[in-house]
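Note that subunit A is present in both complexes that follow, paired respectively with subunit B and with subunit C.
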Partner chain A sequence: MTMIFGVPLAVFMGQLLLGLINGAFYALLSLGLAVIFGLLKIVNFAHGAMYMLGAFAALLGMRYLGINYWAALLLAPLLVGGFGMLIERFMLRRIGHLDHLYGLLLTFGLALIFEGTLVNFFGVSGARYPTPEVLQGGFQLGFMFLPAYRAWVLAAALVVCLFTWFMIERTRLGAYLRAGTENPALMQAFGVNVPLLVTLTYGFGVALAAFAGVLAAPLYPVSPTMGSSLLIVVFAVVVIGGMGSILGAVLTGLGMGLIEGLTKVYYPEAANTVIFLVMILVLLLRPAGLFGKEA
Partner chain B sequence: MTFIKKTLASSIALAAATVMATSAQAEMSDGEVRIGYLADMSGTYRDLAGPGGLEALNMAVEDFGGSVNGAAIDVFSADDNNSADVGANTVRGWIDQDNVDMVAGMVASSVVIAVTKVLEENDGLGIISGSAASSITNEHCTPNHIHWVYDTYPLANGTAKAIVDQGGDTWFMLTADYAFGHALEGDVTKVVEENGGEIVGGVRHPFPTSDFSSYILQAQGSGAKIVGLANAGADTVNAINTASQFGLTQAGQQLAGLLVFLNDVHAMGLETTQGLLLTTGWYWNMDDESREWAERYYERVGRMPTMVQAGIYSSTMHYLKAVEEAGTDDPETVRAQMAEMPVNDFFSRNGRIREDGRMVHDMYLAEVKSPEASTHEWDLYEILATIPAEEAFRPLSESQCKLVQN
Partner chain C sequence: MSTTQTLTPTMKRQRRANLRRNAFYLILIVVGMVAPFLAYPVFLMKVLCFALFACAFNLLLGYAGLLSFGHAAFLATGGYITGYLLASYPAMTPEMGIIAGTLAAVVLGAAFGALSIRRQGIYFAMVTLALAQLVYFAYVQSPFTGGEDGLHGVPRGELFGIISLRSNLAMYYFVFAVFLIGFAIIQRAVHSPYGQVLKAIRENEPRAVSLGYNVDAYKLVAFILSAGIAGLAGSTKTVVFQLASLTDAHWHMSGEVILMTLLGGVGTLFGPIMGAGIVVSLQHMLGQSPLGNWVSVILGVIFVVCVLSFRSGIVGEINKMYHKNFK
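Entry: the complex of A and B
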């Protein structure tokens, strides 16, 4: 059997694929964070909570309204995104003129409130969300058994990431957005409703998190704390990629998934820390992040 | 002047009242029996004890009649956030300022070891129902605490031995990378090897871990018949879920959950957990007596109790009976009285408190039912065998506890 650094090739390939799938999650979440930070300059600490709310929306929708997975994939982001817009309109906007730190504190506080409220009702053990029927089972790839649902997660996440990048970098709406955050007064003078754009952008970023939440629901137990553990890693990914860089967030997300996957084979004890080591290195050598522009 | 007179008069009246009250309940400190409930009320371990455990404690107090020999029973509670500092400081405050007589609940082993030190220094009394580490009544034993429900020794001894006996003789260990995981891994390794099995590989994963796919893949690659999970709570749940997604059991390997609570199985569902072998200190549906109590609990909480929650009720009842019998809430006297009385109730069979503080009682080897065999939401286990009290726990002859003469 071919060995790579003492690990059979088959195992090595399997780990790379799994790393890529985890990376797709990181990409999706850090993308939403990067959009919100890049365009609104809000450090959204409620992002993990929004991811969790997306998963809960899917779970409760199925339990009480009979909404299936595919409908939830559309409805949960809309619902949570709408909720996010309310938060932006009635809370974040009021502190928009203050230091970034206030937005961070506000969103952090909100995240704790959402989490605490749901813990009160649902506990922390989490609930099972069934894998949709067409995605049950999997493929025997020779070097590993790949569950069909994970293949779907990878594909769906990549498509959404590309779509977002295209929307912001290659369309007129995206151009308005970028211009509106660069110079809001001038854009207002041209008759563009900048506050509305900002609200929509926040809503979109939050909807991305909720979408990731629905994708995650059949993989991990749906529990109120599922977001907070992921959030810190995702922040590290955004810092490594460069705050605000959209393509950077996606590529870094995938890359970090791979690095983490390999660490799990060669030195599993460090799997939770390796991303932070990379972050420290990047901050020392390229403080603006791998894809960020020097300020 | 009048002010001083009034103050004086009322102080005297108060003092007199206190003296009268004390003479009526001669031996109860402050004329009350005070119980403090310490547990993780909001974090990872909330559902196995948490608010449900407090409710179980309140049930015991109510069932006892709300007072002992005329002294009212007062219940305090606090969240330890799974932090040893928070737990130890809370208990210190309870003893110093509130004169709490007994501390109940107690889940995370790290918190418990810190709290028992405080109890020993301040001559308090604690009854531990939640935590797993067998060291609590071994090298960390004190004359001031009792360990009620289970520990890592019977977990390894019950589950691992049963599996090796059934032919599961090659093991891959998936271990949480901290003290509890290492201890459980050690206990399991010993049991497996003593019974003719072999550990062929393992991985120590960070605590906590949400994505187990990589480790499951490594376990699949190892070729071991059994994948042993030396972790707890959310980690176990995640590992079992992931194993199910990757078809680990379909490919012929079997999972051994070494510390699995009822709430974990309920959360994962039977589709995922069916066939899992586990050791438990109690199961709500194991006989009429247990069912009767569990149904009363269910009425109040809306969930079936875990072995920890049942143990909290059982231990509080036993404590209150001992206080009544001894006629005092003095910790040393009550501790001695508790040890003198056998523990036989809906929770504990053939139970007795040993000199190291271990309450030994019958333990049970259970198997998780298949979805077809289960008749309702909480019908989750089938009890396969009873592990007699005297065999289940670490024998005193192997004890390193300072209270045991070896």
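Entry: the complex of A and C
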């Protein structure tokens, strides 16, 4: 059997794939954070909770309404995104003129509320969401076994990231968004409805998180706390990559997932801390982040 | 010629403010001395520990304008080091354990501070949160903390090797003394020229830089001071409750201290104390009621309400009212 530094190739590739999957989630979440940060200038602390709500929407939709996975993949982000727009419209907008730290504190409070409420109804142990039938099984690639669902998650996440990049960099709406990031007052003067743009942006960022949540539902136990621990890692990813560029966020997310996977192979004790250590390294060597601009 | 005539109006106002502050200190001390006869001392000690923790946090947010989302790490570090030393070395007296725990928090604070002040604003909050999570994982895995179980049965011991702290009343007065020392250090720092520069940095950092201040050094010192006093609070808490656990290191704890400060009033002297008192009482009362499971939801709601419509906090609002009506 082929060995890589004393580890069987199949095990090595398997962990790498797991890392890449985690990386896809980091990428989706940090992308949403970056989009929201760009226009609203706040860090959405409720992002993990939104990811969790996406997973729960899929789970409950299946349980009580018989909504299947594919419909959930579309409906959950719409639902959570709409919910996010309400939050933006009736809460975040009221504090938009203040120090942006207040936005962080407000969304933190919201995250506590969502998480705490669901813990009371569903406990913390987590429920299983079945893998859709079409995606059960997998492919034997010779050097490793590739489960079909994992391949799908990776592909779907990448497509959504690319779609987001295209939307922002290549469409008119995206141009408004980028201009609004640079100078919202000027945009407003040109007759663009900036407050509406802000609401839509927040809704879109949150919908991305919910989409990630639905993707994650068949992979990880669906529990109210699934978002918060993930979010802290995503924050570290964001510090590493900087929130300046879309592709930067995606690349950093995937890269950090890979590094985490590699650590799991060679030094499992450090697997859940390695990203924080990379963050420290980046802060020491390149304080603005890998893709960030010096402030 | 009497001295009042030579005073400018600003000096007069300054003097009145000082007088008012001294009166407050006096009230604080008197209330603190009588309190154990009116309320359950163990509860009061918990309030005092968290009040000191919140004051330390407030030094950073209220006066330096730095929002740390990782202060739980210092509380826990103080607690674990003190707990470990007191439990493993019977010759250790409580004050030695507390000093060691505080120093450990200072060292950790220096490391955190040096890293996190390299980024500003929102990034600062994220960096401190991530670093604290790193510390949390380290404590989950390292053997000396007892992992998920935590440290239990830490002896209270004898203060200076003479005074037994076994009785809750003796313990209370010791905790009160520790609180006053920590509070005094913070007050001294805030009202010194150093504190003035800190406020200047908070208000306008580029300006402070152009005036020639080494902004990073000022921020770092504030961070270390805040971390050290948070560690002092954690160490003392461990001696009181004779245990140290992962709860103190969890990011929920970092959130709670923010809430205490916000609720009481960011950047006010007494706000954090009041905020800590309210949050601890609330947890205490809710814990025994049918609403016990809803504590974190209720804290979240308070958070949202505070940010949306109560940003100066209780003490801040009282100050505002006072200035409106009596000026």
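Criterion: the second predicted complex is superposed on the first by the 291 of 295 C-alpha atoms of A that agree within 3 Å, B and C clash if a C-alpha of one lies under 4 Å from a C-alpha of the other, contacts with A are read in each partner's own complex, and residues count from 1 in each chain.
Following the convention adopted for this analysis, a contact is a pair of C-beta atoms (placed from the backbone, for glycine too) under 8 Å apart; a residue touches a chain by one contact, two chains touch by 3 or more.
Just so it is clear, the structure is predicted and the values come from calculations on it, not from any experiment.
Student: Applying the document's definition of touch, where does A:Ile42 land relative to subunit B and subunit C: first, second, both, or neither?
Tutor: A:Ile42 sits against subunit C, while subunit B stays out of touch.
Student: Once the structures are superposed on A, label A:Asn272 by its partner contacts, choosing first (subunit B), second (subunit C), both or neither.
Tutor: both
Student: Return first, second, both or neither, reflecting whether A:Gly116 touches subunit B, subunit C, both chains, or no partner chain.
Tutor: After superposition on chain A, A:Gly116 lies in contact with both partners, subunit B and subunit C.
Student: Does the superposition put A:Gly138 against subunit B (first), subunit C (second), both, or neither?
Tutor: A:Gly138 contacts subunit B only, not subunit C.
Student: Quick check for you: in the superposed arrangement, does A:Leu106 touch first (subunit B), second (subunit C), both or neither?
Tutor: Second partner only.
Student: Regarding the shared-chain residue A:Leu284, is it in contact with subunit B (first), subunit C (second), both, or neither?
Tutor: second
Student: Contact-wise, after the overlay, does A:Gly82 reach subunit B, subunit C, both or neither (first, second, both, neither)?
Tutor: After superposing on A, A:Gly82 lies clear of both subunit B and subunit C.
Student: List the residues of subunit A that touch subunit B in one complex and subunit C in the other.
Tutor: 116, 119, 269, 272-273
Student: Residue numbers of subunit A touching subunit C in their complex, please.
Tutor: On the subunit A side, the touching residues are 37, 41-43, 91, 94-95, 98, 100-102, 104-106, 108-113, 115-117, 119-120, 228, 232-233, 235-236, 238-239, 269, 272-273, 276-277, 279-280, 283-284, 287, 295.
Student: Would you tell me which residues of subunit C are touching subunit A in their complex?
Tutor: The touching residues are 67, 115-116, 118-123, 125-127, 129-131, 133-134, 137-138, 141, 251, 255, 258, 262, 293-297, 299-304, 306-308, 311.
Student: Spell out the part of subunit A that touches subunit B in their complex, as residue ranges.
Tutor: Residue positions touching the partner: 8, 10-11, 14-15, 18-19, 21-22, 116, 119, 123-128, 131, 138, 144-145, 147, 149-150, 219-221, 223, 225-226, 229-230, 261, 264-265, 268-273.
Student: Mind listing the subunit B positions that touch subunit A in their complex?
Tutor: Against subunit A, subunit B makes touches at 42-44, 46-47, 50, 177, 203-206, 208-211, 213-215, 217-218, 220-221, 234, 237-238, 241, 245-247, 251, 263-264, 266-269, 272.
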